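For reference, the structures are reproduced in the following blocks.
Next come two complexes built around subunit A: one with subunit B, the other with subunit C.
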Partner chain A sequence: MIIIGEKINSSRRQIAEAIASGNREYIQNEAIVQSDAGADYIDVNAAAFMEKEAEYLRWIIEAVQEVIELPLCIDSPDPKVIGKVISLVKKPPMINSITLESSRLDGILPFVLDYRATVIGLCQTGNRMGKSAAEKVEIAGRLIEKVTSTGIGINTLFIDPLVFPVGADSNSACATLDAIEEIMKHYQGVHTVCGLTNVSHGLPNRKLVNRTFLAEAVARGLDAAILDPSDKQLLGTLRAALMLMGKDEYCMGYIKAFRKGLLA
Partner chain B sequence: MIIIGEKINSSRRQIAEAIASGNREYIQNEAIVQSDAGADYIDVNAAAFMEKEAEYLRWIIEAVQEVIELPLCIDSPDPKVIGKVISLVKKPPMINSITLESSRLDGILPFVLDYRATVIGLCQTGNRMGKSAAEKVEIAGRLIEKVTSTGIGINTLFIDPLVFPVGADSNSACATLDAIEEIMKHYQGVHTVCGLTNVSHGLPNRKLVNRTFLAEAVARGLDAAILDPSDKQLLGTLRAALMLMGKDEYCMGYIKAFRKGLLA
Partner chain C sequence: MSKELFEKLTRAIIEGKDKDAISFCREAVEKGLTAKSVLEDGLMPGIRKVGELFSIGESYLPELLISGKAMQAAVAELEPLLNAGGGKFHAGKYLIGTVSGDIHDIGKNIVTMMLKGNGWEVTDLGVDVPSEKICAAIAEGDYDIFGMSALLTVTMPAADEAVKAITKAGLRDKIKIMVGGAPVTQEFADRIGVDGYAKDAFEAVNKAFSLTEKTRQPEERA
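Right after this comes the complex of A and B.
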């Protein structure tokens, strides 16, 4: 399971404030906390700042790389922004994200090649998001074809089948779970990745819904997630879910995380 | 999802004491608590008392039926004991359980017919418990054939694929999950049911492991469980898991349970 630490995102108020005020230490601490909790990549996002996005993203990348060793997940929809910052990374990064939209595809795939990056592909065309399982799987197939036709390995691609609020459509989460299983069975070597928080929008006890969704997604084959690794209840659920799926030999990952106080 | 309340089981010390001392109120309260928390059946078990099993089970059944309306799940491996108590039930019961062992099969199936009962079938022959997913599915197929050949409908049968400690074999829980999916896909109309506690034997934070296993099993198709419905964290996970699988229209089950304070 590949964990992408989601916390350094300019859509979060505290992060936007830290960026705007140049509070380097706050950003660095968010990186350290996620690294200590077991993240594999640290997502970095300044998209809320519009025309200052590249400048701020550059500042974040430098700040974060001063304090942790992990690779970064460069989170921007804009190939120009990615082009302005990607040369700063010290390790092969992940890029978040492409869609079937050709400006994003053609703009971003060269960076994936040049920087030996991995890349998240959203199940979304220019004007349409995949809602049913069949739509998600169909778009995933086209993404895989586009990416691999450029010579990029299928195992470089992390398909995000997208998650919509179950409170607005009772079948939306199930569609995502079905798509995960189908994609993982039919496209050997590809990864699937999800964000979690959207699923619980509008419901009470959102964190319960989010972590239960994560356990179900792991049971259907999900092998990467964008989440807050310092959420101990969430990480407890994740570690237990992986162990129960036979992905934690001798349960050592679970037991070690428990001993370190990382689970709740 | 069919919930079988597990608490009135003579393997629990408090229950054994209540039975031995004739503490009717304690037993009745355990029934009421589980009924209020949303159980569909109340399991009743006095198997720890050996030659007094039938006498005590009769006492439990009478005590429980005084205070709740729910059907009972008569939990005994012994056809003779079941024969001595089953005429007391006021509603069509569940019987827990048969195996492929012919004395249990031939002794219990007539009660299923006569009392319009449902029945739990363990993935176990006389001398062998199904360990791999393939073994579980193979035994399930033979159970289904035996049961339906007597004229009993397949939807009367709840297959328990058995759960073994993941701490002793990293692949044991995954085998159960795979078997659930396979059985539910290949035998339309049959149910699957699980106990949960065995899976976490020997591990820290057992309840976390148990409820995560439940979420994963629901994601793979499980439609019944033997559990403590008054465990709010467990029920919260179950309600969320069902909702996310599209089995809770408009999320009303989840939201109502939340409002009643049944989730944590």
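Right after this comes the complex of A and C.
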């Protein structure tokens, strides 16, 4: 299971404030907390700052790499921004994200090759998001074809089937879960990844919904997630779900996480 | 007597029971109540209450949606009578869409449904709507308000561009403009020079009424 720590995202108010005020320590602490909690990648996002995105993203990348060893997940839809910051990374990064939109595909895939990066591919075209399971799987197939045709290995690609609020459409979460299962079954070697917070929009007790969704997604084959690894209840659910799916030999991942005090 | 029936209608809307709402509408009409009063004293207080509860976090998105559905079913039942009585349930004409480059439609669809439930005739331009298409629709139609949503910080500039395009086309005085979407703020709305901002579907309906002042405003809560 690959965990991408989501906390350093400029759409969060505290992060936006820390970036704008140059609070290096706050950003670094968010990276350390996530690293200690078991993240595999640290997502870095400054997209809320629009024209200053690249400048701030450089600053974040430098600050984070001073304090942790983990690879980064460069979170920007804009190939130009990615081009301006990617040379700073010390380890092969993940890029978040491409879609079927040709400007993003053609603009971003060369970086994937040059920096031995992995890449998240959203199940969306230029003007349409995959809503039903069938649409998601169809778009995933086209993404896989595009990416592998450039010589990039299928195991480099993390398909995000998209998660929508179940409160707005009772079948939307099920569509995502079905798509995960289909994609993992049909395309050997590809990864699936998703964020969790969207699923519970408009509902009470959101965290319960998020972590239950994560457990169900793991049961369908999800092998990466964008989440807050310092949320112990969420991580506890994840470790238990992986163990129950036979993905934790001798249950040692679960036991070790417990001993470190990471489960709740 | 009629008070009790109005309360039943209100409750049916709040609880999102479309079949109940329809049968109470029929009952009310059979008892001689006017369609207009069934609507204004029975149904509208219900949909307003749900919106209000949603806005303060006491009712949840699915409840808002199911009440909206019940409201639409009840209004469809009353519509022939309303039209015949000359009291057409028509708050105004609303043009809606997501800005260019933004394909997130859930918020827009919820606002659309709430507007319809409150008597607005809504024309939905869909998602990722280019400025030219917005201008053409405003030029050709007789809309009171154009509402646009931007769900991403990266698509917010497209809202600004849409306003500029509408102004450049000489259409700015023809229409009121509203903006919404998760990252949007009142400050942003002021900066790009639109007439209204709403943080959720309930506020969007209130704002639509207050911008047009065509009918009584839903702020006057029952």
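Quick note on the criterion: the second predicted complex is superposed on the first by the 264 of 264 C-alpha atoms of A that agree within 3 Å, B and C clash if a C-alpha of one lies under 4 Å from a C-alpha of the other, contacts with A are read in each partner's own complex, and residues count from 1 in each chain.
Going forward, a residue touches a chain if its C-beta (ideal position, glycine included) is under 8 Å from a C-beta of that chain, and two chains touch if they have at least 3 such contacts.
These numbers come from a predicted model, not from an experiment.
Participant: So, does A:205 touch the first partner subunit B, the second partner subunit C, both, or neither?
Facilitator: A:205: touches subunit B, not subunit C.
Participant: Would you check which partner chain A:167 touches, where first means subunit B only, second means subunit C only, and both and neither mean what they say?
Facilitator: both
Participant: First (subunit B), second (subunit C), both or neither: which does A:83 touch?
Facilitator: A:83: touches no partner chain.
Participant: Going by the contact rule set out at the top, does A:251 touch subunit B (first), subunit C (second), both, or neither?
Facilitator: A:251: touches subunit B, not subunit C.
Participant: Just to be sure I read the superposition right, which of the two partners does A:127 touch: subunit B = first, subunit C = second, or both, or neither?
Facilitator: second
Participant: Could you tell me if A:221 is touching subunit B, subunit C, both of them or neither one (first, second, both, neither)?
Facilitator: So A:221 meets neither subunit B nor subunit C here.
Participant: Which one hits more subunit A residues, subunit B or subunit C?
Facilitator: The partner with more contacted residues on subunit A is B.
Participant: Output check: A:47 vs subunit B and subunit C. Expected answer is one of first, second, both, neither. What do you get?
Facilitator: second
Participant: Let me check the overlay on chain A: which residues of subunit A are in contact with subunit B and also with subunit C?
Facilitator: 167, 170, 203-204
Participant: Sort out for me which residues of subunit C touch subunit A in the complex.
Facilitator: 60-62, 64-65, 103-104, 106, 109-110, 127-128, 152-154, 157, 183
Participant: Going by the contact rule at the top, pick out the subunit A residues touching subunit C in the complex.
Facilitator: Contacts found on subunit A: 10-11, 47-48, 50, 77-78, 124, 127-129, 164-165, 167-168, 170, 201-204.
Participant: Sort out for me which residues of subunit B touch subunit A in the complex.
Facilitator: Spelled out, the residues of subunit B in touch with subunit A are 166-167, 170-171, 173-174, 177, 199, 203-205, 208-209, 212-213, 215-220, 236-237, 240-241, 243-246, 248-251, 254-255, 258, 263-264.
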